[in-house]
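Heads up, the next two complexes both have chain A, just with different partners, chain B and then chain C.
What follows is the complex of A and B.
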């Protein structure tokens, strides 16, 4: 081959790996003496109301929770605003009438796989019934388990998102 | 400009309207909506809601647009600060006792109070600390519930029952802020047209039990159609949700039904949602019927129809003019005896509107059938059918007399699957009036279009398509491909319909000569 390659000559001190290796090890050993920041999940866990470095933000938007009234029934009146506003079209709602003539959801299902967790459903709800939750541990053994029905949504116990900062509701 | 017209300016738009027109109607022509509650074009105006107050230049104070007639040179301001302030105050008064139950109210989404408050109401209430008036929900009749709390006392329902239906069973009871709509304790809303109070109610105070909690207004797809209940041919809207018809409502047509439909027509939609439909063409193979495709089914039909000398066609009166016309025409060479079944019921007129009633003949297309060459002597046609070479049944109920006719010489064009059809040579799936475009001719000879409101099940096709395909395969007559082309082609055999087209019919229809123009 007739390609001329110019070989640069550098001093030994610059080409040796020993210096770089020592510099790397210095960083490694430095961290051994600093406070540990890694959370030992799942042995160690956090909740939304926990303070400290591992706390989830109170405005976190995770899987839903349906709020219930004092009798344990869901607060939903099946007004149909959440399926209407939902950009992912993941809420299925069939309205019905209970024995007192009140409107209530016969079927209320949220497909959490389709959900984009925008929080619009919580924002639009006139009864403060449906909420996005401060929760992220959703593993299941089957896909079908990700369609949450009304019973499951009502029995969730995790805290719910505040969606906006109470001190600055308009985001100013 | 002639003597009986006056020139007015409304919100800067000059219009010329006939003398005696109210400001609200003149504004409509100028393209300006005057917000209103008590005014309705089909009812007398009492000017009680005070919502339509507008500023008329040189008038000392605001004038109610619904009862003030226009005068030459009037300059009207609908959206001036004074008029807007008046409306805002009226809305504030209405909201003092109006509950905030829009989420569970059936009217939400099509509520005039909701619309106007959203447009120009106050942002928040000044009556927050006072309890709202509460009255229980009352049962007003077979299909009407009265939610007193939501009532804004526009009295449209009272005036409808008194002046239009002629059965004054509603009134305004009590006075002042305790007022509510009362009903005669010995009566309920059983008048055959009383369901219209639900449509007239601008808020969710009078609601239909049948539609209660069924769907939200914004979920509905609305399709213009014609009521298939009787020969009156009232214009309706078919409201569907997810391809299921959930209610029928009147559609304004001042020449036919104004703004009303009868309760029987309103309730008659469940058959449109039937699940037991024929979904594929069925062909006789030995002793049983087997599914086939349209190509083979039409070929078999053409084979059966080839060189027959006499044909009997028995059709349902719900069939479109296109269906009847093309079916009749497909057997041009043979001697055809054709009839539609005309079920009857008692006539129920609406007193306040001339020429409007639930008619005795309970089929929508009697005049269209007569135009297409069908008779009405059902029993004699059925009795004579045994002698003909081919019997075609179009969407008829297979009662004992008809079921007896079914043989290997019978072709059934059906919507509903029926065990009794087992003996037929062919069973072809067809669409109902909710699933196709077509026309009906009402008793006055008004040709009216109806539009497709929901998807046809399976392979079902409109009857005119089946008949036209039969004529194409059997006799080489080119078949139309769209309903519009099919209707335009009808004029060739039915002189009364010559020259008409779908676009010409529009949404309100056209009058044709029914008696003189019958086919052949």
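What follows is the complex of A and C.
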């Protein structure tokens, strides 16, 4: 054996196929009476703070949400970091400036079809404005509805991703 | 036409309609049952959206398959491509004609009907569409026709996966037919006749053949799994290797026909197992079911249904328990284990019956069956506890393991 494949010595003298099959059948039969794990989706829904088998991870990266300040305006200062870092190039940002010299986005659009949900935009945002959300129910009737504009991003209410485990931020 | 002939034809047509309907509806419900059982065995719920507890799921599937587009692969032999599903479906349906579903009923019919005129039928009517004197030989003969449908489907699709599936299926079905036929010869020795009625009668007189002929039952069961292409013998389909095997290129209702054929074959093999080895419609310990009353027919029909249903469940149970065989294991199991086992068993039973009948001279079928049962228990122990070790499904790794393992 040139490449050193490990060949297992199988217990062929001791095993009995018929009895092993019967043991397997006993196991599958027992499973028929165990509690079912399927979630009955449209009736039962999971929430972000759910516990147990149906919980979504707090690090789940779903469709985006733009955070707003107390006046209900988006926190975005149109710095341009998120379109810069976005690997899928799905963020369209046109910056504008008001009379006080504050920058704000004139156009802020995310194409959710092109997005790869890496979460870099949330990671890079200095104002903690754009976030990826803990959310997965995104069905729409048309393809054009998947380009989320600023108003839509701001009006989302779902919880946002923590991106990393707070107890273990460096992934150790 | 004489009134007697009209009466016979009328009843035959009625039985045909009833059996065909029951088998078709049963097959539809079996697809649901398969999905439910598989779900339960995997701690899931299974389909439960369409109708109460998903009972209308088969109807939804049927409508879907009828309105779906039929696709034809380029360069396929279109005549055989269309013919193949029918060739798989028709033998599967024919088989259900000969199974006796309940005890025979006394019927005295003598009246004038509209359109038909005077019809008359007197006497005992077998509860099978065709009470053939050749009985299970017919089943063995016709069930092997199903391989034409599968092999032709594989060939005419003009696809490599389909062709491999078809080839595998023909090799597999032909191999296992030998073992299947041979496993039934001991039964023939004990009964002396191939008709289902006599088989059931012999079991009522003696014991259910599962006890005196356990190894025959085992061989027939395994060969039955192989004949119906069910897991662990679903090499012709083998999703992980051949996509869907012989029906890769089929869509819509033509695909459904293969599916119906598979499930109808399952019903037939289950009914055969129940009839040949579990007393058919016999309710153990009773003999009043032979008096030809309607009540007896209903009760025995229920008994037959329960037995068949158990084996249908058993088919699914095995499917969701055992993994698929490798191809060489499949062939080795058929040729090197089942056929020799069936042959040796046939010789042992033949000699034993000869000694019991001609030398010792035991006439009572019950005592004869009990003695055979005792013999059989010993043989089962030998086969399942001693010979089985590492030989029943032998791996090809035996040949491949080199001498210098680990060096």
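Here is the rule we use: the second predicted complex is superposed on the first by the 139 of 172 C-alpha atoms of A that agree within 3 Å, B and C clash if a C-alpha of one lies under 4 Å from a C-alpha of the other, contacts with A are read in each partner's own complex, and residues count from 1 in each chain.
Criterion: a contact is a pair of C-beta atoms (placed from the backbone, for glycine too) under 8 Å apart; a residue touches a chain by one contact, two chains touch by 3 or more.
Being a predicted model, the structure only gives us computed values, none of them experimental.
Student: Quick check on the superposed pair: does A:9 touch chain B, chain C, both, or neither? Answer first, second, both or neither.
Tutor: A:9 contacts chain C only, not chain B.
Student: Who does A:84 touch here: chain B (first), chain C (second), both, or neither?
Tutor: First partner only.
Student: Touching A:103, do we find chain B (first), chain C (second), both, or neither?
Tutor: first
Student: Determine, under the contact definition given at the top, whether A:24 touches first (chain B), second (chain C), both, or neither.
Tutor: Touch partner of A:24: chain C, not chain B.
Student: For A:157, decide between first (touching chain B), second (touching chain C), both and neither.
Tutor: Touch status of A:157: no partner.
Student: One more residue to check, A:38. First (chain B), second (chain C), both or neither?
Tutor: Only chain C; A:38 stays clear of chain B.
Student: I want to verify the contact counts: of chain B and chain C, which reaches more residues of chain A?
Tutor: The partner that reaches more residues of chain A in the superposed model: C.
Student: In the superposed view, which residues of chain A touch chain B and also chain C?
Tutor: In the superposed arrangement, which is not itself an observed complex, chain A uses no residue for both chain B and chain C.
Student: State the interface residues of chain A toward chain C in the complex, per the touch definition above.
Tutor: That would be residues 1, 6-7, 9-10, 12-19, 21, 24-25, 27-29, 31-32, 34-38, 40 of chain A.
Student: Show me the residue ranges of chain B that touch chain A in the complex, using the header's touch definition.
Tutor: 102-104, 108, 137, 212-216, 218-219
Student: Spell out the residues on chain C that touch chain A in their complex, using ranges where they run on.
Tutor: 37, 39-45, 317-318, 320-322, 384-385, 388-390, 392-395, 397-398, 401-402, 404-407
Student: Once bound in the complex, which stretches of chain A touch chain B?
Tutor: Within the complex, chain A contacts chain B at residues 77-81, 84, 95-97, 101-103, 126-127.
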